[in-house]
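Please go over the structures that come below.
First chain A sits with chain B, and in the next complex the same chain sits with chain C.
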Partner chain A sequence: MTIHLSRREEKPSNASGIDKWVPSACALCYATCSIRAHNVDGVVIKIEGNPDSVVGKGKLCGKGVSGLMGHYDPNRLTRPLRRTNPRKGIGVDPGWKEISWEEALTEIAETLKRVRAEDPRKLVVQRTTTVTASRIPFHSFAAGFGTPNIATAGGGLHCGNGAHEISGIMHASWSVVPDFAYCNYAIYFGASKGHSAGHASCSNMGLAADARARGMKMVVVDPMCNFASAKASEWVPLRVGTDGPLALAMCNVIVNELGRIDEPYLQSKTNGPYLIGPDKRYVRDPGSGEPLVWDCGCNEARPYTKVPSASMALLGEYRVDGVACHPAFQLLKDHLQSFSPEAAEAITTVPAANIRRLATEFATEARIGSTIVIDGVNVPYRPVAAIAFRGSQGHMNSTYNFLGIDLLNQLVGAADVAGGCLGFNPACNGFPGTGRLKYRPKPGRDGLMVSGTWMGYHYPYPMAEPRAPQNIGLQDLFVMGMNSPFLASSDQEEVWTRFGLPYRPEVLLNFGANMLMSMGTKETVAAALQRYKLIVSFDLFLNETSDFVDIVLPDCDYLQSMDSRSTWPFIFGHPAGMGEWCWGIRQPADEPRGEQRRFADVLLDLADRVGILPDVHAAMNASLNLEAPYRLLPDRRYSWDEICDAELKNNFGEAHGLGWFKKNGVITWPKTPDEPYWRATTEARVPIYWEFMVDIHEKINKITQQCGYKAPDEYYDPLPLFNPCLSHECKTPGFDFYAFYYRDTLHSNSYTTENPWLDEAARLDPYSYTIVVNRSVGEARGLKSGDLIRVETEVGRSVEGRICLSEAIHPEGLGIAGLAGHWHAGMPVAKGKGVFFNELLELDFAHASPQNLNLDLCAKVKVTRIGEAP
Partner chain B sequence: MEYSASESGPSRGEAEGPGHQAVRLWLFGGLAVLCPERPLTLEVPPGITVGELLGLLGKRLGAALLESVMETPSRKFSICRVFIDGMPVDLDDRLPETPGGLSDFELIVLTAAEGG
Partner chain C sequence: MRLGMVIDLKRCIACYGCQLSCKAEHGTPPGVFFARVLKREEGRYPTVRQLFLPVLCNHCDDAPCVEVCPTEASHHAPHGVVDIDHDKCVGCRACMMACPYSNRYFHDERQFYFPESGPTLYEAARSERHPERVVMKCNFCAERRADGKLPACVANCAAGARYFGDLHDPNSEVSRLIKDRGGFTLHPEAGTGPAVYYLAP
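Here is the complex of A and B:
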């Protein structure tokens, strides 16, 4: 075993004090790149990438290198604040008064004690998605308190209900990427992996650049030609929100026109051979209950565990006990016929000939049947990958969009094999010194894959059983949903009453999320926030949401914080593919200023005051898998540093505690081919036919029949359909653009817009702060770049901004970089810059997917010029 | 095997008898609200399974407990974690026999996943 170290270097500096490089981790987006921060005489003067770590691979993005500007921003909060004005509203002065931590925590604890005694579910705990390391402290606090209500505001709501679910079910991971080292043909559907912010961002950028230089062809399907498309071999513009039908048409070409499928893969790694009856369910063996397959060897139906996969029929019609049934793959094949390239062209605007060409290229490049030797191990080789993320999944149809795209990988056997589409890091053999951190996908119910690890102990498959809602988001009823709009929807009371939520939330504990900007139109969110009796918020700055907060707690930022796992969970910030495992910590490179305190220590203090410290410790023991002698004792008071030390020793042995990590920064060890390319060596299957949807649908409807609600059939079919967004159905004259937003690579959510260096870069960029419309379409309407325009939805929501005419956008598209347009004085650099896209988004039941609650993130709009270019 | 609070008839562990062993039950989080006494000590038959013990707890503390931990009568929620003497266990695992000693049985329901 080789363990590489990244040492904390400390040397006497010139006269007056210290000169040290502190290994730590960025937290300006959830990529958590490893950094080295240079502190000279108590001032951090530089941040650079840590070359000893694969998390970032020694590189940082523009946000990372300019992190000092946010850190030393004079507008940072330094004292706890309490509002004196009971009236809450947008732009209404809260009348902030500085209070002591003692006063703040006493008031919060008294309220929390009362609420817990009444009903712990009345507490809602919410975090920004940006700081992944906040998950354990806040989730443990919530679990210890006894509330199921946790949320990630807009960062969660806008991102991932389909993407994470399907990456979990099909790849045992949170998200997917091409295996950059070996992939020859990658097709991106509304994704930017390796070209922008987000998961394993900097690591992927290097890997993607190397892959392109090696000759990997990259096709990007996107309404806008920006971060990924600009570096791609080919940009395929399409109508907003129609990725699913395009992918399904490609699948149709591969299956029904080319007939190029990976039969052994489909037989052995999917439920393609499982027989499906007329009720759309598996035909089961009456004795064992196992799904039956048709055994071509003995010409009879037998349980799938009893039949060699090579003998399993994928096609045909069979009779079992006199009832006609078909292998799931036969049903998929028939189903795909309805997605002809010509039909898809009408929906997507992508020419049918192009769809055929792309499908042919993908199937050809897949090299079905080939293998490759990596580190002396022969593994299946399919150098193609179809990946997707926010763009394609941010719609009512998110599950089916993403599933249609992933079927491309499944059909040619390019899932979690060399060169293919990889879930990042779902299999790990563990740290060699202790065997800890070992996890591997495994077969579960009906032989379908259960993740070995995911985001905590809530796995994507099997789906939980629908039940009467206990959670304000209703995810326990609509069990395919993770994030829910009902945290702040305009109709939340109506929804809660209708579906019988037995209580109402009273207290919101918020960590860094700016809900007012991140979810939808601001008046709707404001009304929801006004209903809370107490809102407490850990923040770095006052922002738009602060106008509704009762007590603001001044937080430490990432350069002042400690986390034993800077990336949560372990799979999250790692690049996929071969290379090294790497575990790094975040540690302070600078001291808190004023009365800033680290949120994790504050939560422990609060837990103690509320009387739930033993419960929080129990939640941490369970979440961190702590075993003796490192389990936290119920009644002992620990500092957060002590808990970090326990976790590190638990995972890496007594010699590798917090002291070791403070000095060395990261610990690394090599991956072996059976880790990134685990699929070939696991028995688990994945569902190309989502039989479990039939059951979920039936159970939801049984629960909701009393309130007169029936979940629509078209969202619960086991095979993917195209369900248009509401914007696709808008036919009102004059409303002829599909407005969408994209994540500007210069920014993470809305927080970094306060950074002056990033602001300067954004002002130099023609797109960051403008509204992008297709040049020929704009010019045909007499518009010029720089004109001031109003963008208005059918219900009268509107935003204004300067237009940028560009060839790099679909003629029907209108693109806005997400989460600019701040208006609060607490972030003066960000204030008044760019356009607040979310103002165009309705936040209600009608705009949420009835399948996974995904919010519809596009709107049909009309454009009016209201001012000339300067 | 089903572990339901509403089963009729005696279940394993319901009747006390010779050879029973004591278990210290630690209910955390929302479950602690259902049972303020912590730890709660119960006499159970030796070798009882975790599922049977949960059924017994349901009878003692009410249906709300089982509704919080059991997704179906035979399956607990994936976010419900059970530990015996600090080690994670599942419904079919049996309580270790600890002659003269006590086993610690911990139960907590964690929070579900959220995205981003």
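Here is the complex of A and C:
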């Protein structure tokens, strides 16, 4: 049975005479920049940035301006589809049959009712990372249903189990950036912030360009010289996945060779003075249980709350009740000795002399002790920042790599102060009219910082208590994990059996994620998907994952959707530093085509049919923090627009409901210096010594004792170590490249390769669709640019593509732009373009970090020429 | 008044915003980019950098394309902008041969990005107005300028790398940038007097 998906589109009737600019939000990536869409006679003819908003500041990247070609793609789904072929497999025709929404929702609701009655945990809800505002309806649906299984496909594994968790613990934020307005020396480790990447993408492009034009030195550590590294004052190429040891060697130079640290900061803003006993734990006051510090004023150990920070010892050995103990900072200082620049050179290939020079420059430029007046407020000034993202922490050593890098900031006091490394807006004094949206980091357990708002399942600190797994991803056992490979690992069943997962997932409710391409090698994901009894997917196109889906629901895209917010939480899209707060909505600039429906309304309909609407409303009340009179009533049937209206009025007052926002697009108010530079006036400390790891390790081991598993010690030390990825252990002759992928500026995840403008630009770009190898290395093997090569792992997984010989890559590196290489006919523009890197990645327990479940994203590969350049 | 553009290569990060916002503004057919971004590596590993070079029609003072045009289709519009009168263009492509910058395109036949399903609604609204068998290129967004707007590539540049203004006014931002930072043009040896200047990376 074939179905004709391509249809010549018709203009909406009664549309002539329309000429309007609709303020809304982009969704080509998770930055969700504010846009204005121009609708003339019912056709959207232009998308521009919305200059009224700081989220994008009126500009868009190449992807954002190209949104129309995805929107009007004739391959968009327009009818619900049901498979007629029960056999599921890669390339096996599902035999799609068009069905009505009524048929689709009836079948889905019946299955969901049965599953919920049996065990609601059998439902897995999965979302793409790009439409971040979808978090509210999907998480609320999952919470109302009663399942803990909420996933974002490759998100986390491929972006930030370490980056997000540690940014949360150390900066109360999802991610970190240099304070572009004041930073003079930024060192990037595998990140491209400000260079068409990530949160606040377009705003940061302007800020980073201003900073570079102003003379900010930008050092970029990266195996490849593209994007940020291409604009760097200095590119530091290194062996793939070894950023942690480089950062730790720099820390060593700063602490042990230069001795140039910010003592008052370490005393007052970190747990550096806390005394640590031989059991690696805090030495606590027997009465209050508070960690003790050594009070240099009276030469005795006292609870940290009783001692002025300037009197707290950072160095030395002390005895408390006969037990030898050291301030945490002393232990860090000693620990760092094992990371000499010479040792780091052997691991990273970065010359020791350069490591010393970079560390010296960083410590010198920090101007420890200085302050600056901003808007009349005197704040600490440390114009240096060390930042990191996917490239450096997308490894099994994810946590320690990121922590080692952030220690650079902590040592010189450059965390959330002017010029330093900033979290993305973790403190907000609230909308002046209502005082709502107010949050601020605060001290929590043992005086360590708890973030004021958070995006994930659990606040980063204090960490959740490990428990016997009830979540298919095991994040509730390995509590530092955010997203998990066990959603689809090859040893999924073995892992579940071993760790005692008390049920098995049966239904997958998917929103826009193309799981077959977003995690690892396709056969592994395919096998996991085959085990589901029902897969329902909201999609714009049929794609590789559709081969395993039972019911496909035709979604509206971002130009046809409504949302009270462009993102979640609203701080996500904001640039850090001074400027404005800004809340924008997403609203339709165009009508749905055919039977397309907005996912949020479909979920509400489904919740009603399943009988969980009161629970979903309760979850929305909680996650949107709705207060009377805007709280949703349990039994009333709301449209999504009504819920959006309630959230907006709840936050911004009765006068600023959906109607106001539809007309005005965004609401703004100014930031004050105590918001971006909250650290100096916030009592909370951050851990330079992760004492809580000892406890977590013990608890995990206690739970897993019965199944004979012990979490390896080297992943649970309170001080950062280097645990190389499994791929680094491969010593087989011939497998001498470290393959890695990077995020191309022209593409987001896997779906923009279907956009013909972006595809065309990518085909003209020398790197987007090719496999990049160092020129000298390639030429020594007789390879020429344009040759067709096979890239193969030790276990025989392989991809093929055209090679691009380049001076701009480490000799051991092999770089591929991630998430291209589609093979499904449902996305004909994308099909056959670029290289599917994830095919090289093993998805199993052995390749996941036993600390935070981050996947080994390097692959040791062999290169073979299989065809000449055309 | 002579309209010109300055592109600051220090600020440009090759996000392709110019190339694609231009396409979105004009609905150019497949293969046609009035604005493009070129990439080149300079140096040898590890002392290497990438150069990003956004290019577009240079709106030359002494424009070879205008000179060779047999029908006066290629002409100097007001303020030094080089434009093509499509009613006069016979598609001989002499101008394409003459242009030292390869920034002109011949629109040989109607093409759409999804060939099997014909023009999308967007293409029907924006692309079908481009006549066939003529040469097409950048005109510094004549329609936008008529509405008092900056050219699309300038208005949209997120890195703030593009400036637009009067090259004849010594106090204009473009003139000052060219003077202060040693603005240069491409292929000066061709003697064409481009109106697009670059600032060193």
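The working rule: the second predicted complex is superposed on the first by the 851 of 870 C-alpha atoms of A that agree within 3 Å, B and C clash if a C-alpha of one lies under 4 Å from a C-alpha of the other, contacts with A are read in each partner's own complex, and residues count from 1 in each chain.
Following the convention adopted for this analysis, a residue touches a chain if its C-beta (ideal position, glycine included) is under 8 Å from a C-beta of that chain, and two chains touch if they have at least 3 such contacts.
The model shown is predicted, which means the values in this text are computed figures rather than measured ones.
Once the two complexes are laid over each other on the shared chain, residue contacts for A:Tyr30 go to chain B alone; chain C is not touched.
Using the contact criterion defined above for the overlaid structures, shared-chain residue A:Pro718 touches neither chain B nor chain C, since it reaches no partner.
In the superposed model, A:Glu807 makes contact with chain C only, not with chain B. Look at A:Pro94: by the touch rule set out above, it reaches neither chain B nor chain C. Of the two partner chains placed around the shared chain by superposition, chain C is the only one that A:Lys46 touches, whereas chain B remains out of contact.
Of the two partner chains placed by the overlay, neither chain B nor chain C lies in contact with A:Pro383. A count of residues in chain A touched by chain B and by chain C gives the higher number to C. Of all residues in chain B, only 26, 28-33, 38, 71-72, 77-79, 81, 83, 86-88, 106, 108-116 touch chain A in the complex they form.
Note for the complex: chain C touches chain A at residues 8, 10-11, 13-17, 19-21, 23-25, 27, 30-31, 33, 36, 39, 41, 43-46, 48-50, 52, 113-114, 116-118, 120-126, 155-161. Residues of chain A that touch chain C in their complex: 6-9, 11, 40-41, 43-49, 56-66, 68-69, 71-75, 194-196, 202-203, 205-206, 208-210, 212-213, 225-227, 230-231, 235, 237, 745-746, 756-758, 760-761, 764-767, 774-776, 806-809, 811, 829. The residues of chain A lying in touch with chain B in their complex are 30, 116, 120-121, 125, 129, 139, 142-148, 150-152, 155-156, 159-161, 163-164, 454-459, 464-465, 475, 482-483, 614-615, 618-619, 621-623, 625, 627-628, 631, 634.
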